[in-house]
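Following are the structures in question.
Below, subunit A partners subunit B and then partners subunit C, in two separate complexes.
On to the complex of A and B.
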């Protein structure tokens, strides 16, 4: 098994003008294999986009890091040092939430391919068009039509696929997509899910999806990591995590999701998640957890149970290791 | 007009006038977005309009809100044909509508405190006892009183959405219209807002018209659904029946894609 991404006790924070650090990611360890679809789910502000930005190498200059992050064999974050040479835009590509913003509105898709491929590989116009045709077909877009289109002439789903095809054409082996399905209508969402699974199988692409859409995550992912307040509280294989959640937070998230045709009561999670800020030495979910007990005053270790990783003291005496 | 109708659209065809500039001439062309729309929302009813991007949902809302005069047809709000009224009269009628726009991050003035945001509509309508009304409405939408001294940027997405809903209903309208009320929220906040809208419907007994592309959310917010596709109503009826037995091919696609 080849590892595409590996994080070891990764912490990411942002420093203000008074040099105070606000930790958005409070120490996470995970790994993503080649040809794996890995989803990070959680509420707004849980740190999921910050992890995506770290993998894509687009953290802002005032970001502070600790721990280690590997992209294939290269250590891109080594405590406070960051080095994305040969990785950013080459091995890893990033697709933002609104694909329209990543495409230049004044250039046709053909011109956008040419700009990227001429700067990365020194391709001339003819070779760039040949490559563009191949990669547009791979994402199920008709090159004869799309090459001459400006981004505004494409639907949201087509823009999303055009952005993915440009990323693939650069030779990216890992794509980080931030909320790729949130701006799409239901049937376009389904098309994109199918496309992502196809790319995983055909070109062995590793996909890291950042989303709050649990339904899409369950459909797309090989592995799902549930984040809360900068920590991964549960991680496990695909839909099993959503059908049989272990961590109280995952259980409450699942209870809040509407399921079509099944009008179960929608249970919201009372209270608000903690803001980004200083270190937390207790369980991050303690304040909102309905089953918290005394031990939750200490941060729980990562426990392995039923092929899943869960960070909750309740499982300490339930066969977890 | 049938008694008990809060909103009624009769054969409405609407859209925009597009100006096409040639070398020597300027031509105006009608771009029709909605075709022959007939829609009734009864007193106290919960209706959802379901449609994907480009189906005409936003244009339909603009027509109902008195912002876009249709090419043909008539729009009644509490029994008044709004586009036949003079502007001042029309505004008086439209006060019976409370409106919550799509994006809670953009719909609130960032430089004004929540207290002022909630008092503004009362002041504009000349309603007295503002302080007690504001406090009552905060209790209804489950917000603490200290938010009155906060700016929108200090609130979470869910809290901003509550402020928007509070502002929309503070003047006691007959109908609450919500445009994609949960699309910018994550699942936990989404559940909170869905439950809140239903609680408001129960307590205030007003009609609720929601526009959404999310069928999962729609089933909680309505008794009746209207499916809009390329500017036409293609299916209408009880929401549970539409989800279980969609008759139209497009509705079937929507349900199967979810």
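On to the complex of A and C.
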């Protein structure tokens, strides 16, 4: 099994104008193997997009990093140093959250393909059109029509799929998708999920999916990582993690998902996540945790239990290693 | 009563709609006619020398003749054929417009895009510069130039460019600022693409169309302002064929020879109107959400 992405105690923060650092990701370690669909879920502001940006190599210039991040054999983040040469756009590609602002409104889809392919591989016009046709067909868009269209002539779902096919056309082995289903209808979401699974099976693509949507995540992911306040609190096989959540936060998150047709009272998670900011030495979920006890004043280690990783003291004496 | 009112409203609506359809064509026709007249003025004008400022021998006898078959617009106070002078005036009007608008547009776009793209100190300094020049009136600059170097077309042109570029810089900055925040620019920058390439491909392409439309609409205002600088005697020498100067010469005798001020005034009005009509209809046409197939050449 080849590892596509490997993070070791990765920390990412943003520096403000007074050089104060706000940590968005507070030390995470994870591995994504080749042709795996890896989901990162969590509420807004928990650092999941930051991890996605770090893998895709599009962290802004005021980001501060620590720890290590490997993409295949290359060490792209080595403490403060970042080096994405030969990785960004070639090995890793990025599907943006909002296709409306990521496609230039004054260029046809054909030109957008051409610009990406010519700057990454130096393709000429004819070759880029050929490639574009192949990848547009893959996302079930009609190349004869769509190539001449401007982005505003496509619907939101079509824009999203066009953006996906541009990302795929680079021949990237790893795709980072930042909430690709957030602006889509339920049936388009299903279509996209099928497409991603198909791509995983046919091109052996590794997919890192960042999402709010637990239901789709459960349907398509091999592995789900639940993030809270910059930490991964639980990680495990997709279906199992959602049916039998272990960490209190995951349990509450799963409880909060409405189920269609079932009249269960909707539960929210009381309280607010901690502010992005300085170091936290205690368990990040302590303030909102219904079952917190004294030991939670120290941050729990990653425990391996039932084929998954959980960061919670409660499982210390339950056969966890 | 009500139906009559409705009929009138309906008729007014139809007229307005028809007029809106005609705007672009009317504007283009006006500008084309004026351009052709300006280019062919040495051929069309019945008295080309008089048009350029030469005073005829029997000036006193020919002075202030009302419109007649020989001088269709009449003659001015020095006996020159007014039609020839107004025709030659079209040439200098177009020269002023083109030089002023093209130069200030280029300066403005470069400064505005740089301010938006390079952020930080560059943005602050350029913005102060823009604000400074927006607040200076063109006439003051023209007055200073006139006193320092003497009369000439360049007084008008330089005076106007000094202030006009700042308006284009400001508009460009406002548009470019929002484009620079778009994902396709942010991501292109982060992935280390050449700045010039990004500016050309993404920022300029999205910024130029609205600014260009503004520039076309402004051409009428440039003409009006240039003419008014000439009208108060700050610009070109008094004998030159220029609408503002002709009107200035006709001003003292406006009660006895109104045609001297009237004809250049009418030409001025129509030309300014032509540019405004084109600009106005382009504004709707160039909006990327309103148009379907409209390719620009950059």
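By definition in this document, the second predicted complex is superposed on the first by the 321 of 321 C-alpha atoms of A that agree within 3 Å, B and C clash if a C-alpha of one lies under 4 Å from a C-alpha of the other, contacts with A are read in each partner's own complex, and residues count from 1 in each chain.
Simple rule for what comes next: contacts are C-beta pairs under 8 Å (C-beta built on N, C-alpha and C of every residue); 3 or more make two chains touch, one makes a residue touch a chain.
All of these numbers come straight from a predicted model, not from anything done at the bench.
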item	value
Subunit B versus subunit C as contact partner of A:94, first or second or both or neither	second
Subunit B versus subunit C as contact partner of A:103, first or second or both or neither	second
Partner chain in contact with A:268 - subunit B first, subunit C second, else both or neither	first
Which superposed partner A:189 touches (first subunit B, second subunit C, both, neither)	first
First, second, both or neither for A:290, with subunit B first and subunit C second	neither
Partner chain(s) touched by A:155 [first = subunit B, second = subunit C, both, neither]	first
Interface residues of subunit A shared between complexes with subunit B and subunit C	none
Complex interface listing, subunit C residues touching subunit A	182-184, 187, 190-193, 197, 201-202, 205-206, 209, 288-289, 292, 296
Residues of subunit A that touch subunit B when the two form their complex	42-44, 155-156, 182, 185-187, 189-190, 212, 214-215, 252-253, 256-261, 263, 266-269, 272
Complex interface listing, subunit A residues touching subunit C	57-60, 88-89, 94, 96, 98, 101-107, 115, 119, 150, 152-153
Complex contacts: residues of subunit B adjacent to subunit A	52-53, 156-158, 183, 186-192, 194-195, 213-217, 219-220, 240, 243-244, 253-255, 257-258
